[in-house]
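Next, two complexes with chain A in common: one pairs it with chain B, the other with chain C.
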Partner chain A sequence: MNAPTLWIIFPLFLGILLLFITNQRVLSVLGGFIAVALALIAQFVPIELAMKLGPLSLKIDSSLTVLGRVLLIQPTEGHLLALIYGAAALWFFGAEASKVAPKIVPIGFMVIALLVASIAVEPFLYAALFIETAILLAIPMLTSIRKPPGRGVLRFLIYQTLAMPFILLAGWLLAGVEASPGDLALAAQSAAMLGLGFAFLLAIFPLYSWIPLLLEETSPYLVGFLLWILPTMTLIFGAGFLDRYSWLRSSSQLIVGLRTIGLLMVVTGGAFAAFQRHLGRVMAYGSIAETGFSLLALSLDFKIGIPILFLLIPARALGLAVWSLSLTILGEHVETMRFDAARGILRLTPLAGAGMVVATLSTGAFPLLAGFPARLALWEGLSRISIGSALWMMIGIIGLLVSAFRSLAVISVAEEYTSWEPRESPTQMLMLGLGMIGLFLLGLFPQSVQFMLANLPLMFERLGR
Partner chain B sequence: MAVTFAWIAVGAVLITSIGLLLTRDWRWSISLLALQYLAMFVLVLQHWPLGMASVKVVAGWMSAVILGMTRSGLSPTESAEEDSLPRGRPFRLFAAGIVALIVIVVTPGVDTIMADAGFAVTAASLLLIGMGLLHLGITAQVLRVTLGLMTVLAGFEILYSAVEGSVLVAALLAVINLGLALVGSYLLIASNSEETESI
Partner chain C sequence: MLILVTVTILFVTALVLLVLQFAAQGFRYNWLVAAGGAFLAWISVFFWQLQMPLALQFPAWQPALLFAQSPTFVGDELAWMFAVSLATLCLAIILTAVVRIDFPRPINWIGTLILTALGILAVVADNPLTLVLIWAALDISELIAQMRVVEDPQLNERVIIAFASRAAGILVLLWAGMVSLANGQMLDFRQAPPQVGLYLVVAAGLRVGVLPLHLPYSTESTLRRGFGTGLRLISAASSLILLARIPLSSLASPLTPYLLILTSLAAIYGGWMWLRAPDELNGRVYWLIGMSSLAVAAALRANPIGAAAWGCAIVLIGGALFLSSEPNKWLLRALFIGAWGVSSLPFSLTATGWNSTLPSSWLVWLVWPLRISAQAMLLAGFIRHSQRTITRVSNEDQPIWARNVYPIGISLLLGTTILLGLFGWSGALQLGNFFVEVPVALLTFGLLSLTPRLRVLNPVRAHWVRPANPSWLDWIYRALWNLYRQLRRVSDGISNVLEGESGIMWTLLFLALFISFFTQRNP
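Then we have the complex of A and B:
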């Protein structure tokens, strides 16, 4: 047994097999438990270390050779796999409540497997090819054969596909920079290529127009899943570049660039969220701001920034899961998610309305919620470098909080004497309740996930040590 | 001799990429795409052995067949955007001319950066990337978007073949080309359907 087979090949084939199951509950429970099993194995079974189980000796090898290249999962990457598959389990368990299990579970497994392959492939530059394959797989998940695709899907396909050539070419140029470090022109060209590639992949301002469009056209739960997994894995892939190339890591221009772009994402995400009149678009801009926070974390001193980057991951996963599940349930009871159509919906879907507001507040760093500890640490780190940057981050956060209170006002304002008639199913209530408790627990006890996060920086050789 | 063939392929790429921009009949579009992949094969042969270069043309032709077969099964639809200014044929031809001019200007510089891939290879590659991007910029039709993306990727693959000869990369790029054609077909079928499912 080897690690790539267990966490890449197996989920890939499992996803194909699960395509033949159409029962929502079976898919949701089966997918969730398998993801939990994969997470537990990743967390507790060490890679490249023989374990004695009675008369049996069990060892998971770290590598698998495919077409002359190696898929390599380092022993230090086990915690990351546990985090990814653990969060995937969360999404899969919630799939029944959102009624999209036949799409999200099979394709979700395949997408995650390909994105794990992108982290595992050696040379790591080939990751862009796996990411692109995952993007192509995500298209059938986002669309239906019975409904014309919207502009958001097409833009998503175009922008994400354009990222691949830039990153592959940047990788080749970076190898040249390593060979001749004094060639400043080559370094600038490779950095520009890399920047463009990641700008497309991470949907950096102004290339994020597909996110709000997608959230208007498609099930928020499916889009939320992609808005969690794609930026998370892309950021880890991007951090890998910083880890490998010392000239990139030590470049002051890159750090300033990351900080500027991060602030641009946070400020535009927060400001645009505050002025939206569509609940889905508010979530879109919230997720854009989330990516901005991650970029800001990368712009700090790596010893502080990398742990913050990893601390942002569970909060993002849980926050987006609750937010998108809430929106999906709200969407079942309104014609559109525009403010005028969603007025007073809290009386029909109280838990979904509460879930949406709590998740928005968590993204906006509201105290005692999951997003708060990481953002507080980030804000503190940023203020030590630049008070101006910290103030700009505050503007973005204020925008997100305003959007949360606006959304709350819209869904709670109803005609006088309108009675409360909750229409959420027991499964939906259970999942939303657990999700909100999770958001509070992560906010109150951020150290509860430290057993997973503490060793994550070890996956990098130089960053965060 | 190989260089002569390469320049003939550049000419073919110029004709096919401009043809893809101008033509409104999907049959012509698919035929031009197939021809484009043949030209791409000739250009990739400059750096790759015959066996590996064949992967490009086989995957490309399969992609063209997938798109062609899907489109042939759908009802003929004409989009109003195709006739409206400034997206008419004269505009497209003018924009293609500008792209061609830019390619002529930047080819020597890019050729130097790309480890002297060869003028023909670099020019054809940049031409395809430029025309593909232009195509993506002026259309929202699923078939045309797919053709635009495939054109951009074809251009990139020609250039990348000069610097990377990995079997895994060749295989993954072939998978991506086929995947793009399948996704394009899926979206084509979806775009031709009546709205029967609510969000």
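Then we have the complex of A and C:
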């Protein structure tokens, strides 16, 4: 048994097999439990260490060679896999409530497996191919054979695909930099290529126009899943570059660039969210701001920046899951998610409405909610360096909070004496209730996820040490 | 530990009532359970005195590298004053509930118990992080409570505006922490750099509607006596505790006198509107604004004890007035104790309200008459509202036990007012400032005697059901809304460009511009 087989090849083939099951509940429960099992194994069974189970000896090898290339999952990456598959379980369990289980569970497994492969593959140049394959696999999830793909899907495909040549070129140039470290021009070129590649992958301003478009035309739950997994894995992949190349890590220009772009994402995400008149688009800009927060974390001193980056991940996963599930449920009861159509919907879907508002507030760093502790630490780290940057971050946060208040106002202001008639199904109520409790628990006890996060920086050799 | 005892009693009582509400709908002793829990909690607060200062530490936030502070609570003198006021208010609300038309209404008692527990946690918060967490919990609880009952769309909007303004207060407190860190110091209630103090005052002022002056609840017809009183007063007390926690060293700012002017103007506005309010419930928001302004002014004059005293007066004396609903002549007379409590006269609760250790500039002297007038108007309004019997309903048709229990609730509030004025904290039992007490008393008598003669002092008409007419505050809201719409047009324009048919070309153009901009800045 080896780790790549367990966490890459098995989920990949499992996803293919699950394509043949169409029952929402079976898929949701089966997918959820398998993801939980994979997460538990990753968390508790050490890699490259023999475990005695009575007469049996169990050891998970860290590498697998395929066609001369190596898929290598380091023992220190077990916690990351636990986090990724644990969060995936969350999405899969919620799939039944959102009624998209036949799409999200099988393809979700495959996408996650490919993105894990992108981190595990050596040489890393091949990561771009795995990411591209994952993106191509996501297209059937977002489209239907009954109607032509919308503009958002096409933009998503175009922008994400454009990332691949830049990453490949960067990889090629970086090999040259390793060979001749004194060649500054080559280093600058490779950094520029790398920057462009990640700008497309992470949907950096102004390359994020596909996100709001996608949320207008596709199920929010499916888009939410992609908005969680793609940036999360890309950021870890990107942090790997910083870990590997000392000249990149020590470049003050890169740090300033990351901070500027992070603030740009937070401010534009927050400001645009505040001006939207479509509930889905508010979520789109919220997720853009989320990516901005992560970039800001990377711009801090790595000793605190890397723990903040990892602390942002569970909050993002849970927040987006609750947000997108809530929007999907709200969408079942309104024609469109434009503000004028969603007026007063809180009286029909109180839990979904509450879930949406709570998730928006969490993204906006409202205290007591999951997003708050990480953002507080980030904000404090930023204000130690530059109070001006901290002020810009506050502007972004204000925008996000305004969007939450506006959304709340829209869904709660009903005609006078409209009665409360909840129409959510028991499954939907259960999932939303659990999700919201989770958001509050993470906000009040951020230490509750430390058993998973504390050792995550160990996956890097130099970052965060 | 004793903090936990009090809070646990309140939460457990609320939980028991909640379970009974769903599991045993015919249960007849809900009120007894609520009153028992509130009574035990009230008694337990007095036991704090045996071990003060009390400390309570929640599990520390991890990783410790990122979080220098964790939720921590301390029950000291100031916190005890507020805690006993809140526990008394809670008990009084439940005791006086027996004569309300909608009795029994366990859901309101559950709300009151939970809010009181959160309020007590807020007043014992030992650091800004703990305070913002509890504030957030209170705001969410209040939002849910309001959403449940409000039907009118405009009132609904007001509820959200109120929530937003409180969230703004939270944000300002957090920002104060950032400014403190930028100056190399973690914000704490014991020490803070001079740049931070005003942010703390503004945070508390925003939450109670004083700085800048705004009325989140200009009318409230749905939540009146009982639960509505608890909601307003507990929320105010939990915000005003911050004023009592501001480190004195942090208030030395050249902007302080200007904030004092703004606060005094808010006090005048609150006092004037309170004096002319048709009744105490319609004027409740102005009572809060006026009294809170005096508390903020005390904090700006580096008088945290005074700010705490004004805060307790809001809860105890306001609570006694807003819960009074019977034209009982003994209770009407007893309410004069409340008037004494607000008067700053010797040995009263607010006798310390005008103390100051800061040197006074001419600007500070300038606002003295404003503050004195505001206090006189608040006092005159209190006396007028407390002695009016038109809106009161006789309890004659109530059972004998209810008629006997109801006055206990009001008396407890007034009794605690006396108790705190005499023994509330180590600096209690003060003569106060005669240069304020005498003019306030004279002005109050003058206003009371002129009220029947001058039309301008007569009450304005009540708006029972519909929201108030547009005021100058609405004009400000409208101006802000217009600005927002202009900005939205810009945002829509950018979105249309980037998401339109030619969006990809525009995006790549922007990208090229950004790259050239950055490469020029960083050669």
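To be clear about the criterion, the second predicted complex is superposed on the first by the 465 of 465 C-alpha atoms of A that agree within 3 Å, B and C clash if a C-alpha of one lies under 4 Å from a C-alpha of the other, contacts with A are read in each partner's own complex, and residues count from 1 in each chain.
As a working rule, a contact is a pair of C-beta atoms (placed from the backbone, for glycine too) under 8 Å apart; a residue touches a chain by one contact, two chains touch by 3 or more.
The structure displayed is predicted, hence computed values, not measured ones.
Chemist: For A:I139 in the superposed arrangement: first (chain B), second (chain C), both or neither?
Modeler: first
Chemist: Touch check for A:K59: first (chain B), second (chain C), both, or neither?
Modeler: Neither partner.
Chemist: After superposition on the shared chain, which partner residues are touched by A:I158: those of chain B (first), chain C (second), both, or neither?
Modeler: Touch status of A:I158: both partners.
Chemist: Of the two partners chain B and chain C, indicate the one touching more residues belonging to chain A.
Modeler: Comparing touch counts on chain A for chain B and chain C gives C.
Chemist: With both complexes overlaid on chain A, does A:K147 touch chain B (first), chain C (second), both or neither?
Modeler: In the superposition, A:K147 touches chain B alone.
Chemist: Give one of first, second, both or neither to describe whether A:L401 is in contact with chain B, with chain C, with both, or with none.
Modeler: second
Chemist: Going by the contact rule set out at the top, does A:L168 touch chain B (first), chain C (second), both, or neither?
Modeler: Once the two structures are laid over each other on A, A:L168 reaches chain B alone.
Chemist: Report for A:F366: first if it touches chain B alone, second if chain C alone, otherwise both or neither.
Modeler: In the superposed model, A:F366 contacts chain C only, not chain B.
Chemist: Check the residue A:Y126 against both partner chains and state whether it touches chain B (first), chain C (second), both, or neither.
Modeler: A:Y126 contacts chain B only, not chain C.
Chemist: Quick check on my understanding: which residues of chain A belong to both its chain B contact set and its chain C contact set?
Modeler: Common to the two interfaces on chain A: residues 151, 158.
Chemist: For chain B, which residues count as touching chain A in their complex?
Modeler: Within the complex, chain B touches chain A at residues 113, 129, 136, 140, 142, 145, 148-149, 152-153, 156, 159-160, 163-164, 166-169, 171-173, 175-176, 179-180, 182-183, 186-187, 189-197, 199.
Chemist: Report the residues of chain A in contact with chain B in the complex, numbered from low to high.
Modeler: 66-69, 126, 129-130, 132-133, 136-137, 139-140, 143-149, 151, 153-154, 157-158, 161-162, 164-165, 168-169, 172-173, 186, 189, 217-219, 331
Chemist: Name, in rising order, each residue of chain C that touches chain A in their complex.
Modeler: 59-63, 65-67, 71, 129, 132-133, 135-137, 140, 147, 151-153, 156-157, 160, 163-164, 167, 170-171, 174-175, 177-179, 181-182, 484, 487-488, 491-492, 494-495, 498-499, 503-504, 506-507, 510-511, 514-515, 518, 522
Chemist: What residues on chain A touch chain C, complex-wise?
Modeler: 151, 155, 158, 192, 199, 206-207, 209, 212-213, 253, 256-257, 260, 271-272, 275, 303-304, 307-308, 311, 346, 366-369, 373, 376-377, 379-380, 383-384, 387, 390, 394, 397-398, 401-402, 405, 408-409, 412-417, 444-447, 450, 453-454
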